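You will see two complexes here that share chain A, one where it goes with chain B and one where it goes with chain C.
And then the complex of A and B:
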């Protein structure tokens, strides 16, 4: 669900566009530091993965299904700056190829789903990672909490933007309550899916998970017993 | 493996050789963006707004007819609007201000105008963007964005995504076929674990494919930038033809403001 054209007034759209452009410029710089010249193929393939997974409808129960937004999941998997680029590229493709999200609202959508969802999701994840035990369970719990929080926060930021630059005069508290309530439910689904996908990746290839760097143990192939490091250098 | 362009991205394009198909992609992008800007700039509460929307609709449907985009393709493009349809229908009920009676319901006057305006503007913009996607191949759209000076690294990421979206989507489809041919029925929390494991495997495969693509590029002399030939100059006539859509729409808007 993306903001279409004409939903927010011109000043708000321009302001979010400037915020989005600044974020993407910074992310282009930082992602190059995360991935050096591998940035283009790896971020491109990760974006293709996000795009494909967003089209899968997971059965949630009671006859309903949901799909992943993927901001927090991508940030934990490949790092926050690369994740911003992946989400931006997915949003551009959806706007240009599927008319999903207006061209004039592209800045707003990048701000909400690229900056806010990724930033909040990854921020909560890092915070909890520092507090929780440094185990697989702690990693998954932190990622799940980040995914859960990212969805309603992005929805509330949208309500805030609507309050500043909305084109209709509606009681804000009602809109905030409705949007917040619905997105808490969506956030639960997002958290469950994020944890399940992440658990699968961590058990197969933990070395690929950017957020699991602290779980990596040094190789068991150490120096010969009885031989100290200084001696081996001689 | 030889499924060709049957993937999700290829589905947006309707092959053809019309005038609209042959226009420069970057000019088409500018035209659709300018058209959306004109549509958005139309004041919602003006009395002549519905007439202006009708004028825009005639323009964009005319462009679709010239491009021979089937009506079914346009209708499928509109499906993305459905969540906002609910929001637009809700606006007249929850908005404040003077009320009017419609079919026994007390609705807000400003909410009606705002909801109707939102719906009209979103529909018109979606129609224009659908015509763009239906007449321009994904690869050409990326080239258009490149000519519009999108940062080079972003263009590269975008072109990799467009190039491999169908490959990754195809892997996902084959995983589903494999699951279901082994008797999998997607129900309940147990199904989530299975599907999520598949998605995790898909990430590992996509990432590893990215590494292989990178190594293949390195072995062909990749240094961080893709070579691009010089861009051909665009004659003024092409600009004029492509921008006729937003310029006519702007004329409709100006006429409404002057006469309305």
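And then the complex of A and C:
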């Protein structure tokens, strides 16, 4: 869902640029509370992983593809403010080095994939975490639901931007139906990948996962295979 | 290889394999936005990025003719750059061990 240059007019691109810059400035302050000696390396690795997985488009129905956004996954792994920074780095690298996503659309892409996908994905995750059992299964279900919802919501926010500043004069209902429909399907892939990756990380190093803090009791950790409790509590 | 390092190395290796090899097998069909733009008739308003002539544009290394090698090298380069930028940024921002979180937060955007 990388928006190219040209889809949105200049005022809309400037506005999303301002929103993106403000969000990143806030994230630079707030992320300090999420990052310590152990979680900072995970944030770097997570950003690189998201870059890599975004290269792998999976087929979605007839003649269409999608790829992981990674906003929800990153937020659950390293915290939402750090996730904004990770997603922004990925989007800047893609736009500047790989011509993937427009340069004038960079603010739009940071807004959609950094702010909206992270915010919605993490918001749904936290909401369900409070409702679901405090188990590893509950954690994965909450993350999967957040990931699923984040993709069509980001797509619909694009439709909102297109309504305000779309260059082409096309029926908005058609844009909304196409964007919403296809991104519900892509959201399923988003949820599957998010749950698979999170399950793997939680099984090896639950102590590093931001969204798994509620599972971090000694009794939880002692039963994990491949992890010594005294090591993880350090 | 220590037990503490193994998961990190495995994660990095997996990331490099995905970017360097698995990416070659990605679907080349239009993505959701491209498809929707075509369906609803605004695809032709897309403009080439100012970086369209970059040596890594479209995930290919210019001058490397073999598509598989070119895409794999571009992917590995992207992983390296992203790791350095994101890892460097988060290392600069992180709280130092033994220092209360409140201190780090109060320090605000100033560098330590």
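Rule of thumb we're sticking to: the second predicted complex is superposed on the first by the 195 of 234 C-alpha atoms of A that agree within 3 Å, B and C clash if a C-alpha of one lies under 4 Å from a C-alpha of the other, contacts with A are read in each partner's own complex, and residues count from 1 in each chain.
We take it that contacts are C-beta pairs under 8 Å (C-beta built on N, C-alpha and C of every residue); 3 or more make two chains touch, one makes a residue touch a chain.
Remember, predicted model here, so these are calculated numbers, not experimental data.
Examine A:10 and indicate which partner it touches, taking first as chain B and second as chain C; both and neither are also allowed.
Only chain B is touched by A:10; chain C is not.
Taking the superposition on A as described, I'd like to know which of chain B and chain C A:23 touches: first, second, both or neither.
neither
Which of the two partners, first being chain B and second being chain C, lies in contact with A:102: first, second, both, or neither?
both
Please work out whether A:111 is in contact with chain B alone, chain C alone, both, or neither, and reply first, second, both or neither.
It touches nothing on chain B or chain C.
Who does A:150 touch here: chain B (first), chain C (second), both, or neither?
neither
In the superposed arrangement, which partner chain does A:198 touch: chain B (first), chain C (second), both, or neither?
Touch partner of A:198: chain B, not chain C.
In the superposed arrangement, does A:77 touch chain B (first), chain C (second), both or neither?
In the superposed model, A:77 contacts chain B only, not chain C.
Enumerate the residues of chain A that count as touching chain B in its complex and touching chain C in the other.
On chain A, the residues that contact chain B in one structure and chain C in the other are 1-2, 4-7, 28, 32, 37, 39-41, 43-49, 51-53, 55-56, 58-59, 78, 85-86, 89-90, 92-93, 95-100, 102-103, 167-168, 170-171, 174-175, 204-205.
Inside the complex, what are the residues of chain B that reach chain A?
Listed in rising order, the residues of chain B that touch chain A are 8-9, 12, 29, 32-33, 36-37, 39-41, 44, 77, 80-81, 83-84, 91, 94-97, 110-111, 114-115, 117-118, 121-122, 125-126, 129-130, 132-133, 138, 141, 145, 151, 153-154, 156-165, 167-169, 171-172, 186-189, 191-193, 195-197, 199-204, 206-207, 209-211, 213-214, 217, 222-224.
For a test of understanding, state which residues of chain C touch chain A in their complex under the given definition.
Those in contact with chain A are residues 3-4, 7-8, 11-12, 14-16, 18-19, 22-23, 25-33, 35-37, 39-42, 44-52, 54, 56-59, 74-75, 77-83, 85-91, 93-97, 101, 104-105, 107-109.
Going by the contact rule set out above, which residues of chain A touch chain B in the complex?
Residues 1-2, 4-7, 10, 24-25, 28, 32, 37-49, 51-53, 55-56, 58-59, 61, 77-78, 85-86, 88-90, 92-93, 95-100, 102-104, 167-171, 174-175, 192-193, 196-201, 204-205, 208 of chain A touch chain B in their complex.
Note which residues of chain A are touching chain C in the complex, please.
Within the complex, chain A touches chain C at residues 1-7, 28-29, 31-33, 35-37, 39-41, 43-49, 51-53, 55-60, 63-67, 78, 82, 85-86, 89-90, 92-103, 155, 158, 162, 166-168, 170-171, 174-175, 178-179, 182-183, 186, 204-205, 228, 231.
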